[in-house]
Structure formats: structure tokens, C-alpha cells
Amino acid sequence: MKKLVALLLAVMFVLPAVALAGTVKLGFINSITGPEAPIGENLTNGVTLAIEDLKAKGIDVDLVKEDDTGKPDKSLAAFEKLATRDNVVGIVGPYTSATANADAKLAERYKIPVIIPAASKEEITRQGFKWVFRVSGTTGDYAGVLIDLATTLGKPKTMAILNENTDFGVSGAKSAKEIAEKKGIKVVFEEAYSKGSPDYRSTLAKVKATNPDLVFMVSYVADAILLMRQSREIGLSPMAFLGAGAGFSVAQFAKEKEISNGVFSSTQWTEEAPWAGSKAWFKRYVKQFGKAPTYHAACAYESMMIMGQAAAAAGGDREKTREALTTGHWNGILGEVRFQDYDGYQNQRKAVMLVEQVQNGKHETVWPLKDAVKKPIWPFPGWKK
Amino acid sequence: MAAQRCGQEAHLALPGLEKVTQFEGAGSKDHVPGQLTSLLLAPCSYFLYYMIVFFQSLISGILIGGVYALIGIGLTIIFGVMRVINFAHGDILMIGMYMTYFLFTVFHIDPFVSIVITIPLMFLFGAFLQKVFINRALNALPQNQILLTIGMGLVMSNTVMLAFTSDYKILTTTYSSSSVEILGISVSEPLVVSFAITVAITAALYWFLYKTDMGQAIRATAQDREAAQLMGINVKRMSIIAFGIGSALAGTAGALISPTYYIFPQVGSVFTLKAFVITVLGGMGSIVGATLGGVLIGVAESVGGVYIGSGWKDVIVFILFLLVLLFKPSGLLGTSKD
Amino acid sequence: MAILKIQRVSKFFGGLAANSDISFEVQQGMIMGLIGPNGAGKTTLFNCITGYYPPSRGEIVFYNKRMNGLHPDAVCKLGMARTWQKVRPLARMSVVDNVMVGALCRTNSLTKAREMAMEQIKVVHLEQRLDARAGSLPIGERKKLEVARVLATQPKLLLLDEVMGGLNPAESEELIQLILDVRKLGITQMVIEHNMRAIMRVSDRIVVLNSGEKLAEGNPREIVANKAVIQAYLGESDA
Amino acid sequence: MNMKSLTANIRGIATLPLLLTVAAIILLFLLPKFVTSTYALHIMILIFISVIMGSAWNILGGYTGQYSVGHAAYFGVGAYTTMILLQYRHIAPWYGVWAGVAVAVATGLVIGSICFRLRGPYFVLASIAVAEIFRVSALNLPGLTNGAEGILITEVPPFKIGNAVITDFMSKVPFYYIGLVIAIAVILATRLVQNSKLGYYFQAIREDQDAAHSLGINLTLYKNAALAISAIFTSLAGSLYGLYVGFIDPGTVLDLGLSVQIVMTCIIGGIGTVLGPMVGAVVLVPFSEALRSNMIAQALIDSGLVKEDSPIGTFLKEQLSHAHVLIYGILLVVVILFMPDGILGFIKKLLASKRKETA
């Protein structure tokens, strides 16, 4: 045992990290295991594709992958290791809002550029940090575009908000409430549920009793399907179901067409996104990993592409990489990306959000209208018996 | 558009309520028929609304409770016979879910039919766990047993994750979201079926434990291990059988819940704690108690979710649990001496 | 002087009376034997006296103090200590530590407690096993350890619950000697015992319980001659 | 007085181990002067926190035998009190920490009055239930705890006496020393407890509650005393964690997984011994960190034992990162089945069997 401990200590503290010449060393923190792992996998795959594409561009990335299991303290350890032991030039990640929030502080302390691919909590880029960049849109963006759509297509007066009781869910719900009230929509029902419960029927019955025009839900993958299944059972049938990101935008959700048809969801990227190479990238992803990518994958891909190019151009210098990120702009599967300061944000991409609607078991981009592939179906057609 | 909306609302089957909400949000709809009548109807419709929400939550609670009961019964048998707190119970249930999922997607066997295969396989799996792991720790300190089962749970969920990735699997049958409406209350069809199966299995188990020699031997072991040994009962064998039965029941619960729930490697943790609460609530070792406990927890979650808030459901359940522990430590139906 | 007065004590479990209406007194310095067939309510009476359960009815008076409702630890502090029918060594602690736990009832100093413990260990002749784990002792030594442990709490009244149960004749003899030695220390004892020969030898007075009721009380000779007692015991062996 | 036990007693504070201990402590105090790697310091701080949590649990679980699997409650209550006071009331943490301790002890006494009436598995389950009630309540009381979003502090204010800045908390070093001091304090406290009436009474309760009760031990009093000591240090660990990481939410500081981890540290090291939790922490923290960051695979590849592009190499690199929790689980099962008394107990047994061989 002592020998093992000694070996471990040696590995951790003493052995210098081997730096390969002619390459850029980057770090990637992600939730590879733990409860966030299902979505984490999308990020990993996106980054894998980015590394291939960077290589094709002549940029060899020596990537150090770290698992944070979705916990802030583990994420800090990973960051610490990447920043000090592995001496990476820049870091992409972590995935969740909670871990991103914790890591952002360290980025400032170690002066190491970080691109946050998919965490959407607003505060992350509102703390005056110089080294934290975010590709992901914010929870406000998610809610904003959906409510835009709803107020353009109809005249909703009331809205019910149902969100899972997590950082993601709560901040999403907060943004939604704010924006809705600004637009004169009355929030008649608000509840945070604890995720993973097999039975939401009673909560949905309460929602139904308030008879809202819009039902706005924030939820991860599996609960989204459950919520819709049980909405159907209960006969909850508002003017529109709005789902903010995550659970409502995955292909699995669309496949359950009995319950998902007509549901709107906001997202940062789709197969039909109006940006160069989206479709091809989608196909490549499906071919390589055997399943459809979510926007998380696209965001992670783009983040790594940007970080790789910026770091390579800066010759592996952290400060220069940061400058490159602040001033540069990139064109990829997310369209043009710039990191800007606006509305109290710093180094935040102004995300162009899209709205998809499930039509015939498939997510179709329906908003903004100029980029729409299909016409949005409005209002919710009701449940088929 | 307005007409369309109204057409939709018609099937709410709550004419009175409909008018009241319209009246309250005056002008929110394009037409407001008979404000006065709706005002008169208001108390009546509010009553109706409360009744419907209440019965809706009560019925879904009872139906979900049926599945909980099955999980609880499995645990009660294991705990009763071995006094081991099995923290891997939820993970065993998870294995059952995956089994059901693959039987469905690969061999197209209906989840409710597949329990015929799941039950014996899960029994063997449980027996194996008992023989290889738990048995060695039967005389260990209780905290070691807890950690052992936690470790086993980690191994199970992470092996499954390595094998099948951490993706959520959704098992969609033609009836996954079908329901029938009775007096404005919707009743989920698959839950009704699984409830019926639960009742049948519970009855069969009851018969087994009370009417067969082996059942008697298991109950004797649960009552007093040493005495049972002195009476010539093969306690080790009974333990293996008990763990097998417990696992089979957990697996069955997994199968029954699959069509209406979702499946992922860490799904077990949701159910492990619930299983303990149910078991203690009903009285350790009491089958009828666990059944009652399961239904009670289902109803407490469901009704509590409505009237106190769905975020607080778990608190309600745990407080109920502590109250029972403190004031009726032997459980609602238990006769245990400690 | 009567140091312990049991006055019309009854104990019910549910509807079942484990003790009903039992009265007797224990005099200073004596050894009181408590006998009766299995299920006669002897241990229940011990439990009532030492505070494990409150008696349902009646009073227990120790040195003119009413004991009803006191917890076992308080009972011990007042000078009444008991052993257990099924020995309860503090298994993973050493012999000396076991006895020290008893002594710590009277002192807060470990050094003092150790001295007190050593004294009692000498009384029970376990000097050779000081550092042995209590759980590893053979049954006879465990019984002695238990006696040493309660002696260390400096009791005025010692309640011994079948200290000879499960022992071979030689070991029983040692314990009989021990009980007699303890009497020499001036400690009053109340002894539950199944071993009739032993109880007749050590007891100054005997109370016989049967089915929760007091059947007889007297000195050993009287008890041996008591028809009801013989009946009860024979009845038991017939069954 | 018996010679054997006297010498045994002296051996307990014999000079050689004492010297070694002092040397180790001095070394630990000097460590930040030599080790500049903040990563190493980070791991050390995590080890200290783990030692504090483990030792604190050990007093209640290891010595008194009350196997609480709900210690996250005290950890979380301490962390939350300190962080709430700092963030929303602007009360400096060196006051907040003590407020945290007070709240944790008060909480402990309430929990104790409920749970200590229960024994064995029932106590374990009740302790879990109480901790879960705290977790869910923290989620649902956003006015107090900021709910699921957690509390994020940007920086810990510098510690000043008058105008003189004693520590600025900008680097890891202050946290290192605070962790080290509390860790030493908790081990010292364990030793003091072990060699006092308290320790004897705690262990008697652990071994047999009824027997202990009959020997004049007030069970409620002493169980609560053990819980209070335990809660004090667990709460300190929680506050230190919160301030150091700068972010807490119900899912991390009030999690059932944390409670399990606390118990695991003790059991792996050796339960009911002064140094057990320390051994457990020193083994578990680096081990899980090495697994998490896939360092073992990397080391095997770097050392040339396994070629990176060989199938084994790719397997290790790609799969091991997914498998670390699995390995952790397997380790747990193996330790419990084959080293039921933890690493310390295992070593003792090895030494004893060697001694037998030589004799």
C-alpha cells in the first residue's frame, strides 16, 4: 500500500508533464461520469470532432481530458491540475452551470482563458471576469426567443412555469418569468419539482386548473418525456407548450411523436441551422457516433475549434490567446461567433437562438421565420384520442 | 383562433371552472358568456375543481404506490431475513429495467409479459449476489454491510454505464401514455395493469410465505436467526432464497415501471431510499405492511405534492418516516420486538 | 434494616401480567435468593427494580427513596447494580477497561478508576487477563468480569441474574465462592439462580416466584419444605 | 499497579512516536515553503478536509457506535451558515464559522433527541432521512439558501486585526494552514477523548448500550456529547470547504453521497482508532483524484509499461476515465470483504502474524 501511495504521489506531484513540441496543449473539463454524463457525452463527441478538424487545419492539439463528475469541487481540482500541472494554454468546459461558476474564478486567478461551451446561467459572464468566454447562450436567450415566438403568433395572457429544481431549471425559470412579465404575460403558476419523480400527474393537474395560455417547462431529457406523457393523460392542453433547451430538444424526445408533436423548444443549434456546414457536420456526427448530436455537441465543437485556433495563432501564450479571443471572430457551425460585452455581460457570445417544433416526430426549425424550414403550427392542436 | 381554443377547452369537462377563470381574467378571452351565471356557479365549480385535483392525485398516488409496494416487499424480505440494509436495492431494480428494455427492443417482448423471464433471471442474480458477497459480511458490523451494498450498487450502475452508456433509454409501448377518463379523472392504463400485477404477485408471495414449508422456514429465519438454525433450518440457504426473491421483486418493479418511466444507470438511487421508508413504515418483515407502506408513500407524495408543493414531496415522506420510527417503531403493521 | 422494599409491584405487558402484586424486603448485608420456574417473572422484576421499565403498579423503595421512573444510570449511581442473564461484556474493550467503565461511575479520574478496577479484578481473580479483549474470554471468566465490573460501581445492593447459568460445576463453585466473598465485603445481594443447590447454599432468605406471583418466602430450609414450591417445580418438570 | 498495563500506557506516549509525530507536523507546516505546485496544495487541502470530516464522524460513529449516515447535515449547516452570513449579511467568516458551529451543534441536539432513541439500522435510516430533509429544504427555501442555484462567493475578505492584514486568502496557503490546524486539532481531540472518561463511556455505549446504561452511563447525555463534538468539527470542515471552493449548493454540501464518503474514509482507514480516518483520507483522496483524472493510465503509458497506441493503451485512456467510479466501487467491496477492520486493522493483523512467525 505504501508503495502504491508513493507511486501515486510521485505521479501527481513530481513527474513533470511531458510537453510535446509543435503542438498546442489544451484542457477539456466535462461531466464524463455522474448524473450529467448523458449530456456530457455529447460534449466529448463534439470536442473529438473538433480535434480532428483542427488537425486537418494543421493544428495538433495535445488534449488533456478531465472528468469533473458534475461536482464543483472535483471541477476545481481538474482546473487546478490543468492550469498548474499540465500547463495548458486554454481550457474548454466545464459543462454544468454550477461547475462553470466555480471554475470561472480560478480562470481569473491563474489567468488562463476558458471557453464555456454549454452552461447557460446568466451570472457566469456577468462578474466582470476577463478570462472567461462563453459560446453558450444564456437562460435569458432561451426564454426570450420562445416568448417572442408566442407573442408574435398569438396573444397569450397567462403562463405557467414548471421547472426542475436544479441550478439550470431555477435560473431558466427566473429568466422566463422576468421576460414574460416584461411582455405583459401574467405568470399564473410557478413550481419547481424535484427531478426523477415517476409521477407528475398531480402537479400537472394543478397546472391545468389554472388554465394557462402557455406552459413553459425547463427540464432535462427524461423528465421532459414524462411531463408530456402525463400532460396528455391529464388532458392539459394550452395554446402552446414551450420547452427551454435540454430535454425538449433531443432527438429522443421528438421520436415520441404521440406526445411531442407541436411542442416548441429553443435551442442554439439544429441540423437545419442556417449556418455553413451544419448539415454536413450533423451527418458526420451521426456517422461517427451513431446518434444525432444535441446543440451541446455543436457548442462544444465550436468552442474547441475557436480555442484551438486562437491558441495556435498565439503560439501557446495565454495572454495572447485571451487577446485573440477578445478581438477575433470565427465562422463555423454556429454562424459568426464574437465575444462581446453587452447588457452587463463580458465576453459573451450574442447567441442567435432558434426555435424548433416537433412535427411528425422530427424537430423542425420554425423560428426565426426567415430561417424556418417549416411553418410553425399554432396553437397547439390538442391531443389525439 | 378563439373558436379553436374554446373547442379545445370543452374537453376539460369543467364548464363552471372554465367560466370562472375567464371571468377573473376579464377580457383575456374573446367572449365572456354570462358573467352572472358563472358567478353563481363559482362556489360549486371550485368545489368540483378541488375534488378533481384531490382525486386525481389520490388515484395516481395509489397506482404508483403499487409499484413502490413491490420494491418495499423485496427489501422487507431481505432485511427481515438478514438484517442487512441493502443499499443496492435500487440498482437491482435498475438491472431489471435494463433487462426489460432489451427484451422489448431486441426480442419485442411486451414489458408486462417479460416479467415471466425477468423474475427467474433476477432471482438468480440476487442469489448470486448473496452467495458471493453478502454472505461473507453477514457477521460484519452493520456499517460495513451498508458500505458493502453501496459499493455493490456503484459497481452495478457503473458497469451498466460502461456497457450501455449513460444515455436515457425510453421504452415506448403503444400504451405508454394512454389513459382512461373517469369522471374527469384520468387514470393511466399501464399503471392500472402494473397495479393489478403487483396485487397478483403480492398474493402469490403471501401464499408462498404462509402456506409452504419453505415460506415458513424463511419466516422463521426472519424472526430469529439463531433459533431457526437450532430448529434445523438451513439458514444460509434461506438467506440466498430471500435475497433472490427480494431481487426478483425489485426487478419486477423495474419491469412494471419501465413503460411509464425512463431508464438510465443511476436510476436506482431514486428508489433505494423510498424502499427503506416503505419498509420501515409498514413494519420490517411485514408483507402486508410493505404493501400498505408503498401505497401510503405513493399517496403522500402525490397528495402532498399538490397541497404543499412538489418540491417538498420528499420532505413529507421523510417526516412521515421519522414519525413512524419514533411513535410506532415496529411499523404500522409490524410486530417486531425491537 | 430493610434497604430495598418491593411493595405490591405489578408489571403488565399488554394485557399480560409478568409480575403481579409482589412484595418483599431485602435486609442489609443479606443474600436474597430469587427463584422460580422459567417465565416466573424474575428477570422482569430485576428490570423493574433497576429502571429498565417502570413498574405498572406498586412501589420500589431503596434506602427510603422511591425508585419508580428512575433510569438505569440513576439507579446505578444510587448504589444498585446488576448483571445480565446473558452476559454483556464490552466485547472490544480489554478486561481492565471493562471494569474501569464501572469504576468511572464514582470518579472522573482514569488513574483512580484504574486503581479501583484493579482492586475488583483481584476480587474475581482475573489479574492474569488484564489486557485480554473481553469478547475473547471464555464464559466463566466473562461472568466473573461482569461481577467485577458491577462491583467497581461500588454498589450497596448487587443484583445477580443467573451468574451460574451455562457454567460447569467447577466454575459454578468458583462463583459461589465469589458471592460469599462479596458478602464479606458487606454488600447486600439479590441472586436469581436456577442452580438449586447453589442458591440453597448461599441464600439467607429466598423468594419464590411463579407465573408472576410471589409463591413463597422464607429461609432455604423453609422453602425446601414448602409444598406449593415443590408443586410448582414438579409441575414444571412434568410439563 | 500492574506493570504490564503501566508500560503499555507509557508506550502509548513513548518518545519515538512522539518525535515522529512532531517531525511530521513540522514538515507539514513547512511544506508550502517547498512545494509551489498549487495542485499539490489543493490535494493537501482536500485531504485535510477529509481528515477533519472523517475524524469528526469517528468520534460519534467509531467510538460511540452511532453510525450516522447523515453527517452531510452538519457539514452543510456549517457551510451554509458561514456562507449565508458572508454573502448576505457581510459578516466575516472568522465569526461566521463559529456561528456555523453553534447552529450545527444546535441542529445536532435536535437531531439527536429524535434519532438517539433508535438503534442499529433504524438509527442509520433515521440519520439519512434527517439529512435528506435538510437537503430538500435547502433546495426549497431559496429565500434563505438561494435554493438550487447555490451560493457563490467571489472572494474571502482578508483577515485583519486593526489595519494589519494577517491573511489575504488570495492563495491556497492560508487555507492549507487552516486545514492543517483544524486537522491536528481534531486528531488531538480524538486522542484526548480516547484517554478520558468520555472515551471510556463512548466505547461502552458502542459495545452494549444496555450494559452501559446499567453501569451508570447516562446514554442521552453521552451520545449527545459525542454528537456535539462530532458536529463541531464536521461543521468546521463544511465552512472550510465552502470558503475554499467558494461555491456551495444542496447537491454538494448536503448530499447523501458526501455522508457516505465520510463513513467510507473511516472504514477504509480503520474505525474507532485515532489515526484511522487520517489513513483513510490520505489513501482515498489521492486515489480517487488519480482515478478521476486518469493519472494511473497516464502513468502506465508514460512509464513505458503500456504503449499508448496499443489496444490496452487506448482502452486505458478512453475507458478508464469512464470507469473510475466503478473501480472505486470494486475497491470498496474488496476492502470491506477482506479488510473489515480497515487498512490500520489489516496492518496490525499482518504485523501480529509476522510476530507469531518469528516467535
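As written, the chain order gives the labels A, B, C and D, with residue 1 at the start of each chain.
Quick note on the criterion: a contact is a pair of C-beta atoms (placed from the backbone, for glycine too) under 8 Å apart; a residue touches a chain by one contact, two chains touch by 3 or more.
Everything quoted here is computed from the prediction, not taken from an experiment.
> Compare the CA centroid of subunit A with every other chain's and tell me the farthest one.
C
> For the interfaces C-D and A-B, which has the higher count of C-beta pairs in contact?
A-B
> Hey, how far is the Cα centre of subunit C from the one of subunit D, in Å?
Chain centroid spacing, subunit C to subunit D, equals 43 Å.
> With chain centres taken as the means of their Cα atoms, state the distance from subunit B to subunit C in Å.
Chain centres of subunit B and subunit C, defined by C-alpha means, are spaced 50 Å apart.
> Rounded to the nearest whole Å, what is the centre-to-centre distance of subunit A and subunit B, using the mean of the C-alpha atoms as each centre?
Going by mean C-alpha positions, subunit A sits 33 Å from subunit B.
> Compute the distance, rounded to whole Å, between the mean C-alpha positions of subunit A and subunit D.
35
> Going by the touch rule set out above, which residues of subunit D reach two or more other chains?
Residue numbers touching two or more other chains: 136, 139-140, 322, 325.
> Identify all positions of subunit B at which a residue touches two or more other chains, and write them in rising order.
158, 161, 309, 311, 314, in rising order.
> Please output the residue numbers of subunit A that touch at least 2 other chains, ranges allowed.
Expected reply: 33, 165, 192, 194.
> For this structure, give each pair of chains that are touching.
Result for touching pairs of chains: A-B, A-D, B-D, C-D.
> So in the complex, the part of subunit C that touches subunit D is made up of which residues?
50, 52, 71-77, 81-82, 84, 88-93, 96-97, 100-102, 104-105, 108, 110, 113-115, 118, 127, 130-131, 149-150, 153
> Would you pull the subunit A residues touching subunit D in the complex into a rising list?
Per the touch definition, subunit A meets subunit D at residues 1, 5, 7-9, 11-13, 15, 18, 32-34, 65-67, 69, 71-74, 76-78, 80-81, 83-85, 98, 101-102, 105, 109, 121, 123, 127, 165-167, 169-171, 192, 194.
> For subunit B, which residues count as touching subunit D in their complex?
79, 83, 85, 133, 136-137, 140-144, 146-148, 150-155, 158-159, 161-162, 273, 276-277, 280, 309, 311-312, 314-315, 318-319, 321-322, 325-326, 329, 338
> Within their complex, state which residues of subunit B touch subunit A.
Within the complex, subunit B contacts subunit A at residues 1, 4-5, 8-9, 11-12, 17-18, 21, 25, 28, 49, 52-53, 56-57, 60-61, 64, 67, 158, 161, 165-168, 170, 172, 176-179, 181, 186, 188, 257, 260-262, 264, 266-267, 270, 298, 301-303, 305-306, 309-311, 313-314.
> Could you please specify the touching residues of subunit D with respect to subunit B in the complex?
Per the stated touch rule, the residues are 61, 67, 69, 114, 117-122, 124-126, 128-130, 132-133, 136-137, 139-140, 256, 260, 263-264, 267, 271, 319, 322-323, 325-326, 328-333, 336-337, 340.
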